[in-house]
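So the structure is just underneath, and the comments pick up after that.
Chain naming follows the written order as A, B and C, and within any one chain the residues start at number 1.
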Amino acid sequence: MAKKASSSSPRTDPPAPADAFVWTRKDLLGLDELSAQEILHVLDTAGSFEEVSTRSIKKVPALRGKVVALLFFEDSTRTRMSFELAASRLSADTLQMSAKGSSVTKGETTLDTARNIAAMGVDVLVIRHSQSGAPHMLARQMPESIINAGDGQHEHPTQALLDMYTIRQRLGGIEGLTVAIVGDIAHSRVARSNILGLRKLGARVIVVGPPTLVPGAITAMGCEISHSLDDVLGEVDVINMLRIQFERFSSNLFPSVREYSQSYGLNSQRLKRCRKDVLVMHPGPINRGVELTSDVADGPNSCILQQVTNGLAIRMAVLYLVTQGNR
Amino acid sequence: MAKKASSSSPRTDPPAPADAFVWTRKDLLGLDELSAQEILHVLDTAGSFEEVSTRSIKKVPALRGKVVALLFFEDSTRTRMSFELAASRLSADTLQMSAKGSSVTKGETTLDTARNIAAMGVDVLVIRHSQSGAPHMLARQMPESIINAGDGQHEHPTQALLDMYTIRQRLGGIEGLTVAIVGDIAHSRVARSNILGLRKLGARVIVVGPPTLVPGAITAMGCEISHSLDDVLGEVDVINMLRIQFERFSSNLFPSVREYSQSYGLNSQRLKRCRKDVLVMHPGPINRGVELTSDVADGPNSCILQQVTNGLAIRMAVLYLVTQGNR
Amino acid sequence: MAKKASSSSPRTDPPAPADAFVWTRKDLLGLDELSAQEILHVLDTAGSFEEVSTRSIKKVPALRGKVVALLFFEDSTRTRMSFELAASRLSADTLQMSAKGSSVTKGETTLDTARNIAAMGVDVLVIRHSQSGAPHMLARQMPESIINAGDGQHEHPTQALLDMYTIRQRLGGIEGLTVAIVGDIAHSRVARSNILGLRKLGARVIVVGPPTLVPGAITAMGCEISHSLDDVLGEVDVINMLRIQFERFSSNLFPSVREYSQSYGLNSQRLKRCRKDVLVMHPGPINRGVELTSDVADGPNSCILQQVTNGLAIRMAVLYLVTQGNR
């Protein structure tokens, strides 16, 4: 169902899920719990929603009269906007709570806050929280649908889903690809969700970064480790460059921003040593000149803005599926 | 018209307002100004809106094309969200102004701010303000409908209306009941609006708290005073536990949080000494272990989340009625 | 097409633009780039939208399914609310980003932020930015429509358009009028956009203020300078009083608020020396007793709230036209 872009190296996906496949989960908590078939079903559903965003009237009535609450206990403009727009494109009403200045959260447990907002007649709660596992705890205790929009250093499933959607769109499939994820692996929920999902769909994953930012135990997730970006350039089909959090530099995990950029930044010299159609990804926002030079970020291998566009389709699919799974 | 839950102690309401009753107020400012008949009319109207929130498509077109502005000069996530959702469930558009970082309020009077926002074509202004009487001042000077969402230590009418709606729903009526309101009576607009409304509907009201937080003059509102929660447990049909504002403890009005909780907190021991179907209420957010222990807050006597749900129906009713009263 | 209020001094506009006129701009960046014909076309289009705001159901489906993003890199409650309501009155969805606490902007260029939000499927970006020229830069680099909602000390085109709309509505036309703009001309984007627009439509413009706040070079824009408000009162058809930014007083540009008010504030004595139907304008929010006394602000010559109301019609027109110009 998903549109596949023409590409110089088409690959074949696993067979599309049978039409008979029925999504049964009321929540989307992480890639960890999803089967390969479920992941592909989300991508296929997103494929059918992608077309909506190209219409002159970008709306479908699928969730009309439903309410989606965006509970961002941790701030995130970009992900919040994407979920908000996805919900309104499905004709749902949205309700927002941001952490700052919220009287709801004063002295109140996360569960009480969520239950109170749900009691207003909310169908789906999209949760971002600094504590790993917070959405899972809510999902166990509440009948409403819970979507994890990023929990601590644990998972960020919709980001990984939109990344996989974009890879499949540009390269025709995921199985058999080699994907490098570069940067602060230790603290990245984007990395964790990507590793889990890519492995389930049959990709090889190499995580790349300095030893202080790449824990050895990560290989238990089925990925390989490299401490040299230069060593892996020749092998990769996709390079996903993680955003560097500058506040970590002061913590002595990095020598300096400049040194990090020299060892692990992607520039045109390094790009020349990759295969011609290598896909350059970044979850945004970009630190230009740090993770990526501008010529790479804006060049033909980059799919960074396409990732953002695809995020809408993925979030529409996820909002739609969890309400279907909660009847 | 309101649904009455089956209950072990059904009571009879005053006769329902005749169908011929016509709401004529353009504003909802407080329980002080409402007649018993008007209060019952709001509750009955909420009863007919309650059903909307149980539909798959939770929307009615009653206020389509109308604009409801939420002017929160004082922050309130919970009440704001409830009004926002009530407005959108009636198909109105909403417009929000929060106090923080608002350029509207710089050097501008409250009346100028309200008039300017109204001049954009707003039909209803929902006002929360730290100054007692601010909504009343606006209502006198402006042709638009004004709803008081809490003014200083004065009134919070929609909270009292949803409390009374919930009591009637659970216990079948209000007349003849004994209701205890426990906590910081002196500073509570929730207490004031509840006392006014409950008395008008024929309930007996006992306010309970330490002498520093219960002004003797409050008996002029028709309620009784007790400084011992234990003394009144055997008499009450409803216990409404007010939220404690921790910042007041430092002001020497309370000895300590622990001491307050021991004297005025509701726990399972105290609950056993009440009648079996006593109703436990709280306007939220709860400080678990202070006003209420968790077993009581989450137990069968508690209607705390039902209060939140009913808040939607009450706010839909109020938004609907004031626009009807402003034709 | 615009409704003309009856007035004691009707004047004649230039002939209305032929029906055949087709708006071709995808952006609205400033009055500087617009021809007189284009300005009049915006005013005429606003005239046809003004009627929508008087309907019981204040909505038209013109932009249904379109998305308008409000990117306020600099805060503005009032202008943001006006654009938000204009968009929803046209049935568009809106998406908001405010500068404060926005994770989008961390280390990200303005262009990257705008492009990322646009990639979500946004049709129109309304930009307020502290840097002069920021909307112009975005308009050159992005295919989406850009509307300038105020850029640095450069332009604020929708404010000038609503001012001109209001003048035409109240006085029947603009050509041949004498308009005084009073206050901090040097730092005012409202003044700049008004001067540009009024001159193009054939009005005489006198800017009035103390020498420290009125740069001599401003005469290059075709206006005259006066340092005495009293000197010009007898000549003017319109007095537009700019808002004083108190933070500038400490910078020694003004002697004191009181002294400023005595020399350049409008009060009833000064109003008596103007022609009887002189129009008093202010972009808001008013500092009562500084730029204007209350009797003048609330008197029959004032059209301050009408300006706010007309702002909706102007912003509906601009949102509509730029999407028409971007097909």
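One rule holds in what follows: contacts are C-beta pairs under 8 Å (C-beta built on N, C-alpha and C of every residue); 3 or more make two chains touch, one makes a residue touch a chain.
Model, not experiment: these values are computed from the prediction.
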Looking at which chains touch, is this a line, ring, star, complete or other? complete
Shared interface numbering between chain C and chain B [over half = same, under half = different]: different
In whole angstrom, what separates the CA-based centres of chain B and chain C? 41
Can you list every residue of chain C that touches 2 or more other chains, as numbers and ranges? none
Please output the residues of chain A touching chain C within their complex, sorted ascending. 53, 55-59, 75-78, 81-82, 84-85, 88-89, 98, 100, 246, 284-288, 305-306, 308-309, 311-312
Which residues of chain A touch chain B in their complex? 64-67, 93, 95, 97, 101-109, 112-113, 115-117, 119-121
